[in-house]
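Chain IDs A, B and C follow the sequence of writing; residue 1 opens each chain.
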Amino acid sequence: MIDKTAIVSLKAQIGNNVTIGPFSIIYDNVEIGDNTEIASYCEIGVPSELSNQKKLRIGENSIIRSHSVFYESSTFGNKLITGHRVTVREHTNAGENLQIGTLTDIQGDCNIGNFVRLHSNVHIGKMSQISDFVWIYPYCVLTNDPHPPSETLKGVCINRFAVIATMSVILPGVVIGEGALIGAHSMVNKNAEANMIYSGNPATKIGPTSRIKLSDGSRKAAYPWINHFMRGYPKEVLNQWKLI
Amino acid sequence: MIDKTAIVSLKAQIGNNVTIGPFSIIYDNVEIGDNTEIASYCEIGVPSELSNQKKLRIGENSIIRSHSVFYESSTFGNKLITGHRVTVREHTNAGENLQIGTLTDIQGDCNIGNFVRLHSNVHIGKMSQISDFVWIYPYCVLTNDPHPPSETLKGVCINRFAVIATMSVILPGVVIGEGALIGAHSMVNKNAEANMIYSGNPATKIGPTSRIKLSDGSRKAAYPWINHFMRGYPKEVLNQWKLI
Amino acid sequence: MIDKTAIVSLKAQIGNNVTIGPFSIIYDNVEIGDNTEIASYCEIGVPSELSNQKKLRIGENSIIRSHSVFYESSTFGNKLITGHRVTVREHTNAGENLQIGTLTDIQGDCNIGNFVRLHSNVHIGKMSQISDFVWIYPYCVLTNDPHPPSETLKGVCINRFAVIATMSVILPGVVIGEGALIGAHSMVNKNAEANMIYSGNPATKIGPTSRIKLSDGSRKAAYPWINHFMRGYPKEVLNQWKLI
């Protein structure tokens, strides 16, 4: 299960049935849950002066794809799935069923809920707060410095079910409301109300998300998206959604 | 020719005079053409449940630079050249002389013509159709989901000789006409006519591409670009262009 | 100090107390200063036909994080610090105390001053000129081709103390004045005056940078930023700043 070219610290706590691919490095201060798969060229638990010696914890049944780098001191629930070349810095606290796309860069000191979907090449600045069931698409940036460079960090807060479409920037301290939709290529400099569409540079309020219809000709509303998109969510979650 | 630290499956079909760099991994279901060079830390033919067991085929005289990841089931013509850390997912079908820049991420299920130039850090969404001689510059995104997240994918179609300048997003289902030019930092939400310039967020029609003059003081039109840019194209192509 | 899995050319000139991590490759034409640390999976001094056989020189007390690729023929002063997966192509000439963030791609043929800060995922086009104390934030692109594709390259020039906020594109040949601030998600197609704010697509002049106040409630101006942000600069620099 552990490739013979991998370098695995004897101090690392490795669960049952864990796979570690060729040329990967597992450092000392790491706990990996059962049935998790670490692919090739990964560095898991990179030591850091910023870690306060906190362990890196990766839950059970996770998949970390090749060339990814995780520092010590972060925590991930079960069923984490990553793409390739993911970077996760110190003190990232994430729930279960997180997906992190290829090239995504999580800068640390942030909280991420359950069932969050970060697509390829997303940049999560420090102090970000991301709730359950949020989707963030490629090349989006969550910022944190109101007048860069400075020592002031004001994280972005994204409430549950919100969707941030590709190439959008969220300015420091902005709150994105529950179920809000940020259109592609937007620059969001004010708070976004729940279940509203915002778009443009700077982003302006376009109207309620329910205005967008499914493109299948059915004339049904495309939002809230939980009414038609269920792939990958377990029964418990779908039952929970029915109560909303 | 095959570095002693590389891990090469005995089942892989490797052509004559193929070079494989240190710490690279070649999986089973792979066919690599003659004179091709695979640099270091590459994964070639990553197994996937989505591949239908189709082989990864890489043509002759190709160069794949370091840290790149190619899944099984894609096909590339001869003379593929990539930068570093390229990702290519399942069922990408590409012609000859494709160039893929550093960090570019091709999500699979797409068709790419001959002599296409993808610069660094381009994101090609699933279902994209890219014709011959197209240029796409850094940080461009070809999207596909009209109301994310959903099960509906409408790919972007880019016709031959079109140029997409840096940091532009093309929305789902949009068709970019032959020889059209999309200005830098644009958000394209409607079809673009052939040989026209579009720019802005959202992009609007600015006028014919022939309006842009070469910056060398010659007052010649900069478009169609094939009238002045010929680097790297073989004689057959240049002769073909003369007939257009 | 040199991991046993690293591949280090006997021709490379390696200073005292240099660390080289697992699976890294040091090529022939390289000079690495004392006390420098090269992490895992790095390629240092990749041979290139474009190098004129010029050496890659990396100064003393530097840190190059994992999965980074440096070609031969570039020069870096002391105290270079990089993130992960950095790419540096041929003929990049940089001063001291440069920081290059994760995924940043420097295309070569460029000059970079002292104490420059390039954050994650910045794209520095060829012919760029970047002065001392410049900050460039994630997903910014410095372009160079006025009518792509062409053989004409007009680099961007960024003067000292200027700040380019995230997701901004600077068009070819544009000059950014000393201490200017480019707002997030901007497309800059004209020169920017010193100590002025520019923002939008296309970017327009908003007013003097001194108009922006610190968000700590102090009512002090946030710019020039050297009046309040001093982390990581040595005493000599702070003394030099007092004379400005």
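The definition used in the following text is that a residue touches a chain if its C-beta (ideal position, glycine included) is under 8 Å from a C-beta of that chain, and two chains touch if they have at least 3 such contacts.
This structure is a prediction, so every number in the text was calculated from the model and none was measured.
In the contact between chain A and chain C, the residue numbers used by both copies make up under half of all numbers at that interface. Rounded to a multiple of 5, the Cα-based rotation taking chain A onto chain B is 120 degrees.
Inter-chain centre distance (chain A to chain C, centres taken as mean C-alpha positions): 27 Å. Across the assembly, chain A contributes 5, 23, 41, 67, 85, 103, 121, 139, 167, 201 as residues in contact with two or more other chains.
Residues of chain C that touch chain B in their complex: 5, 7, 23, 25, 41, 43, 46, 67, 69, 85, 87, 103, 105, 107, 121, 123, 139, 141, 143, 146-152, 154, 167, 169, 171, 187, 201. Chain contact summary for the complex, chain B toward chain C: residues 5, 22-23, 40-41, 66-67, 83-85, 102-103, 117, 120-121, 135, 137-139, 163, 165-167, 184-185, 200-201, 212, 214-216, 222-223, 225, 228-229, 231.
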